[in-house]
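Next come two complexes built around subunit A: one with subunit B, the other with subunit C.
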Partner chain A sequence: MGRPPHPLAVLTAFRFTWWQRLALGWLVLLVLVAAVAPLLPLPYPPGLPDLANMAVPPFSAARHWLGTDPQGRDVLSILVYGARTAVLLTLPAALLAALVGGLAGAAAGFWENSARVPLAYWLVGTGGTWWVLQLPLPMLGLGLMLIGALLALLARLQNRPLPTWPLPVDALVVGTATALDTIPRLIVVVAVVASIGLSAPGLLAVMVLTAWPPMARLVRAQMLRVRQLPFIEAARAAGLPERQIWFRHALPHALHPLRTALPLSVAGLLGLESTLSFLGIGLPPEVASWGRLLATVRDEPSAWWALLFPSLLLTLSILSLNTLSRMSTSRA
Partner chain B sequence: MLVPKKNPSGVLLWLIFSSLLACSCSSKGSSHEAIRIRWVHDPETINPMALTNQAAIEVNNLLHLSLIQANLTNHQYVPALAAALPEVRLVGDSLMHITYELRPVAAWDDGRPILGSDVAFTVKLMFCPGLPNEVVRNQYHFIKAVITDPATPRRFTIVCRGQAPEYVKATGDFCILPAATLDPAGRLSRFTLAELQHRAPTAPADTALQALARQYQQGYAGHPPGQLPGCGPYELVTWEKDRFLHLRRKSHWWADQLHPAPLMLRAKPQQLEYVIIPDVATAILALRRGELDVFPQMPAREFERLRTAPATRAALQFYTTDSYNVVTAGFNTSRPVLADAATRRALSRCFDAGRLMKATQLGAGQRTVGFISPSDTANYNRALALIPFDPIQAAALLRQGGWRRAAAPTAGWFRPGPAGTSQQLRLTMRYRAGDPLLTTIALQFQAATAPLDIPVSLLPTEAGSFSEVLRVGDFDMYAQVLKGNPFMFNFTPFLHSKGIGVGNFTRFTTPASDRLIEAIATASSNASRQRLLRQFQALMQQEMPMVPLFFLPSRTVADKRLSGLNVGSLKPGYLATTIVRAARATPAP
Partner chain C sequence: MAGFIFWRLARTFLAIWALASGVFLLSRHDLDTALRLSLPDAASQAGSGAALLPENQQAAQQALRRRFGLDLPVFYVSRGPASPAGVRPWHWHGGRNQYHQWLRGLAHGDWGTSFRTGQGVAGSLRHALAFTLPLTGTAAVLAVLSALALAQRLATAPWWQRPMRAVLVAVHGLPLFVVALVLLLVFANPDVLDWLPTYGLGSPNELNPSTSQQLADGFLHLILPVSALVITAVPELTLQLTAALQQELGTAYATTARAKGLSAAAVVRHHALRNALLPTLAQIAEFLPALVAGAVVVEVVFALPGMGRLLAEASAARDYPVLIGGVLLTGAVRLLALLLADLCYLWADPRIRWQS
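Moving on, here comes the complex of A and B:
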């Protein structure tokens, strides 16, 4: 039986080309700037309108080195804090989407539709969903969860197996992913944001919701291949529990595709966040964003600096992420 | 062998292509006949009983007519449907009789004459239950009766409670609707105006009135555009929500018989198209490409840029006038933290109105102490000081309001609330999304309150839901442009207790302010009204339910090929009905 790779092994042992080093350097710089933005000696905070200097070009007004937008806000500050917004929003969203998509896809690929779940867990799951979605009589959901938990506890104490029901994991994951994929991502996000309005955490959740399906598909496809490999058969023959085989032996191999998909997902989410800010939905207006800075050009079409700088940063970041997604490992 | 087969299909394709090209050219040509005017947003409704915004008022003034109309150029009321300005007679010390006579040629589209009974019907509709007439009901509650005489059906008298000079203008300034078309069964004639006015809201529903209201609502919701009844010069041809409204000049309009036609009864464009383009940059692009003819209320920077650029200076004409549109910020006085005047006065010191005006209007516009324009020298209260931008004074006023700043940095302001609770001063501010002026005001206020540790969340709200959000009170503060005129000083809709839940978004009410608003509306002479208006401005500055920041100038840009465009400070700032487009020069062969 082959020794299973450590789950973090997917992130190690890369070979970098010059372009990839440049791309990595740019992204590291961006993350650093985002991290230390409040400590930087910026002449103006990002949300402060300088009413005496509205839409002034770079280097023409006192200490507005990259100019101001049509509301008089300092472009340099918006770019720096916009990087912070981009990093703090898109990176967690992509990681969470990778986690959700990876686990869902791996479960779907490993068990397909043959998994069986004890009745107690069914009750807990159904009750939890009922309560989270605030369906009529939400307390009923809590009641179901409680009954399920009690049943599970009793079964464990008495060491008796509970009756099980089949859980079609594969059908559920693939069906949900397909349903989400049928509607363009931007439309889903705009519909949700326009109907209920969102804060930054809410926007993060919506981004995760729309970003996990491609990850799940990739990992599922890889898992379908991995589970046929001899070492999985050997693990089964050795009597290891299915969950342990899935988590410790199959999952690390199945997550390999995320190495390529994660930077692309970050790039996609970065574009999505900027698009939403450009459209004026999603983040509150006082939160600095490259997309919102781009949108101010509509108010002042001659303000080329409000178009050039954020476009440049967005292009560089997305190109860097695309370049990184083509990285190859030393073992590849 | 193949050639003969190919030729017919090639010819066919060429024919299809040519016809498509011809179709597209002809449709373009016809649409170019229309005078195209930019609107920021959709009128939402064209129901004359529920005019929710300026666009709705504007389109109604084209579909309908009132008895008298304000002349855009000299600000004088002139007869429209009425043959002359009304005769006014004071009766005792509490009644006023205003007698109008309708023009002999005034007629509905079906040829029936417009009569006093139509006016009486319209006034009754204002008080008919089941219709969205809350605003007009408050405005016209002073009308006691409309007396018509079968012997002289064009002559009628409006009896008013009180003897205010303002009633003369108010009684003539609403759209007259046809009784025979909207109420063919004559259901409303069974009720007197007094019965409708004094009908308790809890009274059992009357089936006749219900049927009438239903029929009226269905009429406005379900009528094909061309069949909407009105005595104005235009009929609505198409209304594509949030895209455009297309109006066509009636081929036989009664006022065509007037020679010479008064300015306000001219209707020169054969077609008018109001194009809804919320985005300023897109609208300017359309103007430059010749797809738009008139751009009213252009923002200052764009106006200056177009005026100074040689290419656009040659192709466009530019107009600037004062306006009666005042930029305001309002407080939701029903919120416990904003219920006291000291807190509202404190927050008013965080608006830097002077620099905001300079930055957004390039110095044009007028600072103000209240809702009366400084141009109205008779009524403006010059004894009052402008509201200063003074965050230090704001902090002092907050302390007067019982607020204490928490010791911990950035913790904010707190004060004891009822029943041992504690209130924290944190605010949400709403404004119409995508409006650069209001965005700048909101950002400036937020930046000014930040050093005082007053957290302000900005909530830009879509134009379609903005009024509704304000109406239901889902805000702490809001910023908007309030549109006024120099004629009427009836503040009931937006500052009286009767306007709460309708147009009084601040929910501000005190017995003293209600009394003063009623006294202004019923003032018996100009001198007493002036005194009351000055008192009112002082009271509003003391109570501060709204912060008047500055009056906007009105900037209009139009295609240079247009002539006859009259602009003025009255809303909407221009007269669409007198515009003429010069004939295009025929290109040399």
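Moving on, here comes the complex of A and C:
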């Protein structure tokens, strides 16, 4: 009886609510602004103090549309370039953390502590490490590597299995994740960032370091479930090698929880980045950031515009990411 | 049970040791900046004339290195300079290295000396803790109590459940420093609501305040920081506890209790609550260390002289001994929280008590 479905009905398969559409729209807008920030016709560059107009309210002085902060820098430019900093830092950090956490957690869940590595590869690995570190008698390392390679070659030629040695993947991954989770993220980051200095790549590395453990844990738990499913057994019965079963068949299913975890992780990293900038730790002072703009409010409590606009952007972005993560769960 | 608790604490202890060692070894690769920052500012000594000469700077840095034991090798082994053959040989240093000295000092209760102030780290941390403990302790107690009260009301599904949940979810996502700044600029701003004092601890306009006045003053200064911590801590606890309570209310024993004619509030209080508490107790182990991290933000926003601000300033000045002390102290809080959570388990769940 019904009319033919509208061509755009495909989109409704995602079952976005209005809130989620709004959230997605806001985030896309933010990423677009961040991408084209250098091309936008902003009246003032972000870092340059305009000493004639310090702490002017919005819409009053010449072309400072959102006012200036107590040091005379244009709020609008700081917001735009702060969005650029936030997007360029948190998105790669979350994606890298998802990659590291996903692979480590999936390996830990699939093999647990029973992964067996052939003795020949152990020999190659040990010898290589020996040689690279230049421990005494570097020739010994080379010799070990050579013996290992010969053994592997022999086994391949004669089609005979090599003796193996277990590698406790699960204990390694879970142990490292627990160690990194013992102390709150902010304290770890504050301590480590002080040691490696102020730089964007350093901050990115620290963010990845602290963001991967929860993801690894989620993927590991899912992998423990996926591993028991019949299709894995079928793949094994078909004689596929273990590594291929893991990568091609189990991994895509085990990565499901990341659809929820990724937006939440980006939201957490966004909060962390702005908190660090607010504290004056992490990024060099000349990098525009919402957190640093918020920090200037303490010098000039009457400058409500320096508080309202960045905290509004931050709140909207974090709430949008939270909304988006709930969408994924309702679909899954 | 005792064995389980012991192993868990031992594992956590190991993790803290590994983290602190990691921070210690990482911090040693860029000591020059730290020493330059810890030297008296060159500009402030311009009057004395001699301070600006590079040789004097070098000599001062050397003296500092000797004083803090930084002229020793960092770890048990190190690589020497490259020999003509291109091989960099390994050297074994034995116990005469910075890491060994640091560990031995820790074992004897010596937490090291601050680069910046030259005072003992343990002493300055103790001073700071005397302030931070009341702050975070009050916040922790208030947050747990209000989460308990709120979740019990929310679980009976009153008409304000949905808007309240929306508010909680929204607040849950906000960074702490935004909440603290908004509180500061709304309730302690002469332009908006001038109800509470802004910065620091004491009021400067009174020369000799009496003890009771000092107490009242300190109390007024603590209202906003404690509220900021509570506001950010409550949503997570409440949402979790409400979900657990609602799950318990769907079970058979809750139906029986309702069939006896008990009111909804009584079913929650006397029957469901204790069972629903178990997952929340596990959260406490996360929640107490998180409050210490929260103190870093809150103390910077409200300019309070506690441990959090000590850490933030140490990070900016690269005062590594203080930072490592902070990591160790947070680890100690974590150990305490784990112990507390396990003891609470024993109290809440008789099954665990009888098994042990």
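Simple rule for what comes next: the second predicted complex is superposed on the first by the 265 of 332 C-alpha atoms of A that agree within 3 Å, B and C clash if a C-alpha of one lies under 4 Å from a C-alpha of the other, contacts with A are read in each partner's own complex, and residues count from 1 in each chain.
Here, contacts are C-beta pairs under 8 Å (C-beta built on N, C-alpha and C of every residue); 3 or more make two chains touch, one makes a residue touch a chain.
Just so it is clear, the model here is predicted, and its values are computed rather than measured.
Answer with first, second, both or neither: which of subunit B and subunit C does A:Val190 touch in the superposed model?
Touch partner of A:Val190: subunit C, not subunit B.
Once chain A of both complexes is superposed, is A:Leu48 in touch with subunit B (first), subunit C (second), both, or neither?
Only subunit B; A:Leu48 stays clear of subunit C.
Looking at A:Ala267, would you say it contacts subunit B, subunit C, both, or neither? Reply first, second, both or neither.
In the superposed model, A:Ala267 contacts subunit C only, not subunit B.
After lining up the shared chain so the two structures overlap, which partner does A:Gly72 touch, if you call subunit B first and subunit C second: first, second, both or neither?
First partner only.
Subunit B or subunit C: which reaches more residues on subunit A?
C
Just checking: does A:Pro285 make contact with subunit B only, subunit C only, both, or neither of them? Give me first, second, both or neither.
First partner only.
Going by the contact rule set out at the top, does A:Thr178 touch subunit B (first), subunit C (second), both, or neither?
Second partner only, subunit C.
Output check: A:Arg298 vs subunit B and subunit C. Expected answer is one of first, second, both, neither. What do you get?
Both partners.
Taking the contacts subunit A makes with subunit B in one complex and with subunit C in the other, which residues are shared?
In subunit A, residues 194, 280, 297-298, 301-302 are touched by subunit B and also by subunit C.
What does subunit C use to touch subunit A in their complex?
11-12, 14-16, 18-19, 23, 26-27, 29-30, 33, 79, 87-90, 169-170, 172-178, 181-182, 184-185, 189-191, 198, 289-290, 292-293, 296-297, 300-301, 311-312, 314-316, 318, 320, 323-324, 326-327, 330-331, 334
Give every residue of subunit B touching subunit A within the complex, in rising order.
So the residues of subunit B touching subunit A come out as 279-282, 284, 299, 301, 305, 352, 355-356, 358-360, 433-434, 436, 439-440, 442-444, 446-447, 457-460, 462.
If we count contacts the way the header does, which residues on subunit A are in touch with subunit B in the complex?
Listed in rising order, the residues are 47-49, 51-52, 54-55, 70-73, 194, 280, 284-286, 297-302.
Taking the touch rule as given, give the residues of subunit A at its contact with subunit C in the complex, in rising order.
Its residues touching subunit C are 133-136, 138, 178-180, 182-188, 190-197, 267, 271, 274-275, 278-281, 291, 294, 297-298, 301-302, 304, 307, 311, 314-315, 318-319, 321-322.
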